[in-house]
Amino acid sequence: MPAKLKTALLGASGYSGLELARLLERHPRLEKPALLRREGSDGAADLAQVFPELSGNGGYPLRALSWPELKRQGVELLFLATPHEASRALVPQAIAQGLRVIDLSGAWRLKEEQHRAIYSFHDEDTTIAAELAEKAVYGLPELAGDRIASAQLVANPGCYATSVILALLPLLKAGLVEREHGIISDSKSGVSGAGKAPTSRTHFVSVADNFSAYAVFNHRHLGEMVEQLGLNDTELTFTPHLLPIPRGILSTIYVRLKRPMQPREVELCLRSFYTGKHWVRVFATPQLPQLQFSLHTNYCDLGFCLAEDGQRLVLVSCVDNLLKGAAGQAVQNMNLMYGWHEREGLQ
Amino acid sequence: MPAKLKTALLGASGYSGLELARLLERHPRLEKPALLRREGSDGAADLAQVFPELSGNGGYPLRALSWPELKRQGVELLFLATPHEASRALVPQAIAQGLRVIDLSGAWRLKEEQHRAIYSFHDEDTTIAAELAEKAVYGLPELAGDRIASAQLVANPGCYATSVILALLPLLKAGLVEREHGIISDSKSGVSGAGKAPTSRTHFVSVADNFSAYAVFNHRHLGEMVEQLGLNDTELTFTPHLLPIPRGILSTIYVRLKRPMQPREVELCLRSFYTGKHWVRVFATPQLPQLQFSLHTNYCDLGFCLAEDGQRLVLVSCVDNLLKGAAGQAVQNMNLMYGWHEREGLQ
Amino acid sequence: MPAKLKTALLGASGYSGLELARLLERHPRLEKPALLRREGSDGAADLAQVFPELSGNGGYPLRALSWPELKRQGVELLFLATPHEASRALVPQAIAQGLRVIDLSGAWRLKEEQHRAIYSFHDEDTTIAAELAEKAVYGLPELAGDRIASAQLVANPGCYATSVILALLPLLKAGLVEREHGIISDSKSGVSGAGKAPTSRTHFVSVADNFSAYAVFNHRHLGEMVEQLGLNDTELTFTPHLLPIPRGILSTIYVRLKRPMQPREVELCLRSFYTGKHWVRVFATPQLPQLQFSLHTNYCDLGFCLAEDGQRLVLVSCVDNLLKGAAGQAVQNMNLMYGWHEREGLQ
Amino acid sequence: MPAKLKTALLGASGYSGLELARLLERHPRLEKPALLRREGSDGAADLAQVFPELSGNGGYPLRALSWPELKRQGVELLFLATPHEASRALVPQAIAQGLRVIDLSGAWRLKEEQHRAIYSFHDEDTTIAAELAEKAVYGLPELAGDRIASAQLVANPGCYATSVILALLPLLKAGLVEREHGIISDSKSGVSGAGKAPTSRTHFVSVADNFSAYAVFNHRHLGEMVEQLGLNDTELTFTPHLLPIPRGILSTIYVRLKRPMQPREVELCLRSFYTGKHWVRVFATPQLPQLQFSLHTNYCDLGFCLAEDGQRLVLVSCVDNLLKGAAGQAVQNMNLMYGWHEREGLQ
């Protein structure tokens, strides 16, 4: 039996980070991961102080990040579930230490300057930052499995972006979409996507019995989507909404096909694209996936309806924003990086 | 002081009917409404048996429907909050009795045969049914106030239709929309819109922590929308979704403008159309209405975002499906029919 | 027609304050209330900036509190929906100006020093504070209607206290309860009771799909309950819990009766005590009120179940924490203070 | 490596059954379980037709129950997640076939006739039924681990009963509770506990934004609790409530101690009782478990608060009603019956 991989995780006290810590703990190929504390964090000595639901399994000690200490322990792979500013500062250091990195933030996802602008990065060394941004692989396994396998730095995709890209990829790659007509993604996310910091927007009374659109035309994930799908900026309209549920994303996507098609052609296009891809499920029309189906799983569920005219296509795409949209996808990426089956540790 | 109007309501044991009973009870121009029981109903003698929250105000007795009895009491106006089959059978009788009728069902909303087909009506007298369907006024006060004022039969609009039509009317009337491009309404409704009958679909466990699309391309309200907006059937794509909340509708509507516009032009178009219309509120961009804002009110709230290209327009429209989408609108229609201010009894 | 009363409200930007502002706006005996801004508040010039759902009714301007200005306007009655520290500082000033005051905070509810200790008041003039605390009338209309009528300072009860006291009063006054056995109130409240400030405890993800007890044995409202019910501190065990809903309180109360009784005796005791009290509804056993029944009303709903042994009694009491538990009760108190019917402005 | 155990499950189309099917699928000691269809069920050929979220793992075929077929397959252990009437009829047959059985219903939990009366069983052969009822072991592993190990028929406890018994056992066994004073369990459950059949009570609109008590003094689980705890019927008052969440139970339990105690004594009593019991977690006072902490786990979480008088004790107990309250506990029981670690298949 091969030696188990040694990993570390910085940022386990956020929602995605907690989910990732749990997955790494149970992953059969890994040693118990080192959980690292960010400088300036609230200084909890154990993750169970932050999340009391973790009590009673021998503890989840949090240790201050120290590069020499990681080296001493033989850590090879570092997960960052940190805000993008922190990831932007830490990744160059980690890479310099020879670590492989999977970063869950938006820090390294974008290739084009005009999209990156929305993040307002303040890099210490802009040359190195530019090199790393170039080198980073966008970690969507169903799109870039080969490049992920050999990557040193994987930029784990955004949750909305995952749901939208996976729905659109097969049809766009097959050249079936009338791109100039414009594509619309009306996406809805649970509240954990807004992060753990308490704000008036995430107050229970503001969210319960409510529903709202936000960041129309200027959400950060839009850049990822157009870059990965090869679209012009005006070809994709993306409207995120806040659902009164803790987790899950459902995107309803509107596409005009170039020519009238039959439902079975569309289904075939989706199915054949995802043949052999364990974590994407294509539903047979007219059955549509519901948000609940993919909760607490790493699946991206896809379904569709085609109008009688054969050209107006509605796609429905669901992911658990904390799993396929974050932590689960990070584990799937790790599996690719180390040559394991993409299901390992995710069942 | 003028004599108070005598009204009757059949169907108070449903969600919209209950809401309407409450509004009629409090309306300053009305006598206490006669609450009628449908034949074959569960036979409750008082509405407080169905809704215990009504206890303690002297009772809400339910009486069997009897045309002679209504005449004897001097009832002039009948509200029907009944399933469409029941309304289709009862309205000809009520009209023959000389009553004015506001029907909350879908029985009399549609003018065109191809849209009506979805309801599969079985009319006893097809000639009379056709005459009444012709005569019925679609009861959207902001669209057809004058015709409603003199109507004998008002077909109260569907909840989804109200939210979509009110958002699109100003721009379509002004000729600003590139209709051939196609309009999309991605609409989301609370569960009371699905009615009070318990089904596996309305089970709490099926709805909570969930979200789903349904009836894509074939929801009944689509016919109303295209008829009232003067669109061809393929020019409007309508996707309803089920929100895990009891009430409220938010529609996110995607429109291509014929020419690049400024946000203030769009705002002006909406505002000027609704000048003097109390129950539509236009929000100043970039502020968008949230579903919660219109809950428990008769408002339809409208807001929008315009892309930098000036042509991709996202409209957001919110109504309480049981008020502006049903019972509140019925009262607003009554106000018009009797020459009262449209706010009466709705504050 | 008598001149309308002039009132002012400080603190409309909280949940109870907003509810109170809405009630005062619609109250037929009042002029439009003056809405006052607290010093150091976020400085919104209009309440609709804080609550966009208030848009479109001509505005709710917020003005800085100024005693001379209130006098100039002829304001007679001041409502305070402020934190208890603020109320503790402002009430002496308001009383000195000759105003009558209804204070929704806990500042003036307690008569006994040992209960007051939990609030840690820092009074500028302890003599005046003690005098006012003595003079203040605990504003539970069903308990102290006469004294409220002539009060200058009304301390509006806490939401939990309202639900518990109203359930227990009739039986305790009738001497039916074995007090030494101990009484238990297991109470559950919606999240608006925790206030509008965003905290990790009120984050949607912390509350949704969750339920928890808190402040066991040391919640502030316990003092009010034992004082008003004439109990010793150890005779009442009070456990508040946080429900994953925006509003409403349900208390399940456990009492040992001194002697075996019949259900109809218990019902008679409750009913006779509340005869003529419009805002308390007694349900006939075995029907129990549900939290939902009293939402958006000023009712306190009471029901009960009696064990076969005739001595173990379970009472269920429901209020809307923002209405009968706060703003509605404040209006009810005003009605008493000015000799109006207790229903005025609350239907 | 030893041969894997062959199991069958009847009733996978209910909430507990689905959960159990998932656990059995993943259990490392088991072959893929045979999923059985009840006669007269809707006849789905695959469980994924009932629960589309199961799509994409090779299918979950449902087969009609046939004793010879089970024997042919070498099935040793049968799980029943059927209504109690069905279990009452099937268990004698299964036992006659030599199968071991874990029954999740209430059919075999009660030893005393007066408690069983509430179920109104209609046994075909009353002698055999009485023998089996006597022989059945109440399947609470922390209480009866040894007897479960050798049992042929395990009656899996009710969800409420699990939460209440585990909280009270240590203190009652230690003789610390003043039983005659009476014990109160105010328990709250999510909606999946009410089963999957759609009723007006489980309609989303009836549950959301609501909370209510039900079945006061006569819930079926009360019998189990008093039998297993060795209490008289009047010594335990049990009030179940319906929470607006899909799953989870929190019981708040009120106990009078015989003598004033220190918190650490209480904690020690709980901790020492559960030493070596993996699936009960005792929280250190004053920290209380929240319902959310045990969701999606097999833990029963216990915490407490002790009044200053040292005698009034409030216990808080949480379980996931579908796991520790049903399917998880069934797996834990199987682990005991086959000598495996109680954690196997439950992590």
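Chains here go by letter, A, B, C and D, matching the order in which they are written, and residues are numbered from 1 within each.
Going forward, contacts are C-beta pairs under 8 Å (C-beta built on N, C-alpha and C of every residue); 3 or more make two chains touch, one makes a residue touch a chain.
Small disclaimer: the values here were computed from a predicted structure and weren't measured.
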Chain hops separating chain D from chain B, counting only touching neighbours: 1
B-C against C-D, pair bridged by the larger set of C-beta contacts: C-D
Separation of chain A from chain C, taking each centre as the mean of its C-alpha atoms, in whole Å: 47
Between chain D and chain C, distance of the C-alpha-averaged centres to the nearest whole Å: 40
Separation of chain B from chain C, taking each centre as the mean of its C-alpha atoms, in whole Å: 37
Residue list for chain D, restricted to those that touch at least two other chains: 206, 208-209, 244-247, 290, 292
In the complex with chain D, residue positions of chain A that touch it: 26, 52-53, 55-56, 209, 281, 283, 287, 289-290, 292-294, 296-297, 299, 347
Complex contacts: residues of chain A adjacent to chain B: 181-182, 184, 186, 188, 206, 208-214, 216-217, 234, 237, 239, 241, 243-246, 248, 250, 252, 254, 256, 286, 288, 290-292, 295, 305, 307-309, 312, 314, 316
Chain A residues within the chain C interface of the complex: 15, 191-192, 196, 198-200, 202-209, 244-247
